[in-house]
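The following pair of complexes shares a single chain, chain A, combined with chain B in the former and chain C in the latter.
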Partner chain A sequence: MELVKKVFWETKAAKIQALAILAAFVFMMFIPSFSGAYPPLFLAWVMTYCTLSISWTFFSGKTGYISLATAAFYGLGMYLQAVIGREFPLGVTILLAALLAFGVGFGIGLITLRLRGIYFTIFTFGLALFLNRFFHWYEGVFTRTKGRFVKTFDNDMVFYAVLIVFIVTLVAILLMNKSRFGLSLTCIGQNEDSAQHIGVNTTLTKVLAFAISAAPAGAVGAAMISTVGYVDPDLAFRMLASFFPVLMAIFGGMFSTYGPIVGAVIFYVLQDYLLRTTNLYMVIFGTVMVVVVLVLPKGIFGLIDSMIAKKQRGYSGEVIGDV
Partner chain B sequence: MSSFENILVGNGITKRFGGMTAVSNVSFDLRKGEILGLIGPNGAGKTTLFNCVSGFLKADEGTFTFEGKVINRFNPDKICHLGLGRTFQAAKNFPDMSMRENVRMGALFGQRDMTYAEAERLTDETIAFVGLEKYAGVAVPDMPLAMQKRIEVARALATKPKVIMLDEMMAGLNPAEVSEAMDLVRKVRDSGITVLMIEHVMKAIMSICDRIIVLHHGELIAEGPPQEIANNPHVIEVYLGGEV
Partner chain C sequence: MDTFLLILINGCAMGSVYALMAMGLSTQYGVARILNISHGEFIVLAAFITFVVHTRTGIHPLICLLIACPLVFAISFLLHITLFKRVKKISPNMGVFEGNAILVSFGIYFIVQNMIQSSMGSAPHSFPFMMYPYTVGGVNIAASSVFVMVIAAIICVAYSVFLSQTRLGKSIRAAAQDPQAASLLGVKINRIMAICFGIGGLLAACAGVLITMREPFSSVSGIGYTTIAIIIVVLGGLGSVKGAILGGFIMGIAGYAISTFVDSVFMISAFYMIIMVLLVVRPKGLMGR
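Let's look at the complex of A and B:
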């Protein structure tokens, strides 16, 4: 409760933040009632990428352990929906998918978070590849199918589901960022040895945070696949889904929770537009990405933030932690 | 188990890295309220011994007893919570946090059941204690080395340790800074915290330590008050190179 007050009430900025999230949520709730059929689906995809991106940033952005396992958790959510989606309401499947991703994330975390740096990244990269191969093998040997049909739900319903997952994830991350748990993650990212020696249980913190950051990916996977109606291992566990959150976070700026959201929105809109209008999607996209990394090392949100900071404080540069 | 005034006892500590024995059968005791110096040439195993005490490394043989409790198998966070703080040879601060945040992290995580309000109070108190108030707004990587090392000490002190282990706190400091650091170490001891320090600056070690232990090639070769150590022929031979 003290935490909720601190993040959403105590200062003027906190109140603005709370109001903005609430207003956005309420506004989004009404979108399907006046828009056509396409906007809710489009927005559901945007929010899916936002969710993947902020949850990735929560763990990897803070700790510096670059995870490429997003595709694994995202895909597990999809497959769970395919397998049990007919028996349960959408909300229940989404919740179970989040729990599954959390559980797998916790297990993987226990094994891998002893690894540091690039070795952790390689292992998580391998995890999605492994699951892809594993499901191919399983389907080839046991079910003798390629892929499965997934029960489809109304686009509006999926939109509401993803909206709720996204808002819950966002609020949870904003709260965790200011909590002891979030601060201990920041300490780990800043200097793991020091963090350990001032009393942070680094292993538990890392494993728990990794599992928490996996859960939303499972949830949105379960929701979104029901707009597609079909899933197979190559669709569920495609490596691009692991790279997108990373690129979006870099694109938008990693040091703030809102950076990855800005990144994900621009990224998805750009992708959608380019895919519909040209064949040069990858070329243009790659160029934009390179320019952003070279010119704006702190991402688009970093640029906006340092402009505001310059105006307010007379210098640019921010100190994390107590801002 | 241990006698009343020995707050930390190392018994037969051995640590090997592959075929190399970095610390070999070292036994020592740290008496409550003293400043114990740990000296020895480069590569003698001083920092390895520190790392074993703080749980950063696990000793292969031997036991550490802290306030009557064997702590060998504990991880650093647990050892910190028991009341053993340390600093690192090369300052390991949190570079993107302000000086105050650095210290606050120590206050917040150093003890169980710490409230935010209490941590804030402890942070201010610790910063005032080490004399870093005027650096509150300066980015940590821009601060002078002496001050960066002082942040390390402050962060460790904010965890409210009973014993603080200082790893070469004075290396690389100019004479004025060394004498300030010496004052700080004395002040820490006077506040009731037992000090175990690794140091190469002889002037400092000789004037502030109550006792000194000497490591050479991982073995403990001498132990005693500073004057005795300074005149010990064996120590002079291996450590001071016979120049004194």
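Let's look at the complex of A and C:
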């Protein structure tokens, strides 16, 4: 409770933030009532990407352990919807998908996050491919099908489901950022040895944070696949889906909570446009990625931040740095 | 017994190509500290160069090594001195550099993969090469497999000799062991890193040329090669070239056995399970320091 007060009430900025989230939420609630059929679907995709990128940034942006497992969790959510979606209401499936992703994330974390350094990235890199081939094999041998049909839901309903997942994720991340847990994560990212010395259980913190960051990906996967109506291993476990959150987060700026959201919105709109107009869109994204890492390491949000700081204080303030 | 021999020989043929892929990645990570996600794309690039040159002019695919290798070496070398050197400059420490380097290599992966795909399509390509059988110990083996195995083994040996005997090879090993000490003793560390990144590309090109002789490939198969190479590098030990060769052959034989007894689709999944066990039991790999 104290935490809620601290994040959403105590200072002026906190109150503005709380009001803004609330206003956005209420506004979004009413969108389907006055818009046509398409905008809710479009916005649902935008929010899916936002959810993927903020949950990715929660773990990887803070700790510096780059996770490429997003596609795996996202796809697991889709498959869960395909398998049990008919028996349960959408909300229950989404919750179960989040739990499944949490569990799998926890297991992967236990295997890889005991080790420091590059092992985690290496392991998560191939995870989507592993699941892809595993499901291909399983479907080929046991169910003798390729792909499954998924129960479809009304676009508006999916929109509300994704909206709730997104808002819950956002609020949870804002709260966790200011909690002891989030601060330990930041500390691990800055210096893991120091974190251990001041009494942070680094392995448990990392594993738990990774599992938590996996849950929203599973949830949105379960929600969004019901607008497609069909799932197969190649659709569910696309390796590209693991790279998207990374790209969005870097593009928007992964050192703030809202940077990845900005990145995701720009990314999705751009993708939507480029997919319709050119087939070189991955070339464009690749170039953007290289340029952003080289020129704008803190992303668009970092750029705006430093511009504002420059204006206010007359110099380019270094906000983030080693302590 | 026949099945066993078949698995052993075909597995070694596949493993020798895997070894080349993994050696390249291992060199790039071991010295230049770049986990190159775009590695597989350079394999595919070399494969397409071979395919185009061979089908258009009828030149023996092996001669294409002389075209593909220098080209990919040059591209990789230039990528390092233009992009990665700058990334290194803006990164405060090695950990941050490794992260940023992975991200830049994603970018390169996107670009190269998409360029190949948009110019060549995503259908599988292959050409007939040494399609007659070759009898060893009572079993028939595709002659191309034996040929590929021999060439790959020659390249592996040549690279090992290069590392252990030449002055450049010695400075590469020194840079891998301790970059700071090596640079104090007069090794031009940035140059060595660029050369190692180039050599990684060169080995990828060798693997790419040899792959065309054995199996069909397409513009989207690069990421699969990268994954296999990464798995082998972890199995052998990060940065260890001997480990990469050993791991390549182990995974080749294991992969062929799995394809025979279970299903070829299951291969990468099985590799992954091996890696899961390995990370729990012996995370530094077979030959890791």
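Simple rule for what comes next: the second predicted complex is superposed on the first by the 315 of 323 C-alpha atoms of A that agree within 3 Å, B and C clash if a C-alpha of one lies under 4 Å from a C-alpha of the other, contacts with A are read in each partner's own complex, and residues count from 1 in each chain.
Convention: contacts are C-beta pairs under 8 Å (C-beta built on N, C-alpha and C of every residue); 3 or more make two chains touch, one makes a residue touch a chain.
Predicted, not measured: the structure shown is a model, and the values here were computed from it.
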item	value
Chain A as common anchor, with chain B and chain C clashing or fitting	fit
Which of chain B and chain C A:64 touches, first, second, both or neither	second
Computed vertex angle (chain A) for partners chain B and chain C, CA, steps of 10°	80
Touched partner set for A:282, first chain B, second chain C, both or neither	second
First (chain B), second (chain C), both or neither touched by A:39	neither
Partner chain(s) touched by A:290 [first = chain B, second = chain C, both, neither]	second
First, second, both or neither for A:180, with chain B first and chain C second	first
Per-residue touch tally on chain A - higher for chain B or for chain C	C
Overlay on chain A, chain C to chain B nearest C-alpha distance, Å	10
Overlapping contact positions on chain A, where the chain C interface meets the chain B interface	322
Complex contact set, residues of chain B against chain A	54, 56, 75-77, 80-81, 85-86, 88, 92-98, 100-101, 104-106, 108-111, 116, 139, 155-156, 158-159
Residues of chain C defined as touching chain A within the complex	29, 35, 37, 83, 86-87, 90, 92, 95-96, 98-100, 102-104, 106-111, 113-115, 118, 223-224, 227, 230-231, 234, 238, 262-263, 265-269, 272, 275-276, 279-280, 283
Residues of chain A touching chain C in the complex	64, 66, 111-112, 115, 117-119, 121-123, 125-127, 129-130, 133-134, 136-137, 140-141, 239, 243, 246-247, 250, 279-283, 285-290, 293-294, 297, 322
Complex contacts: residues of chain A adjacent to chain B	2, 180, 183-184, 186-187, 190-191, 193-203, 317, 319-322
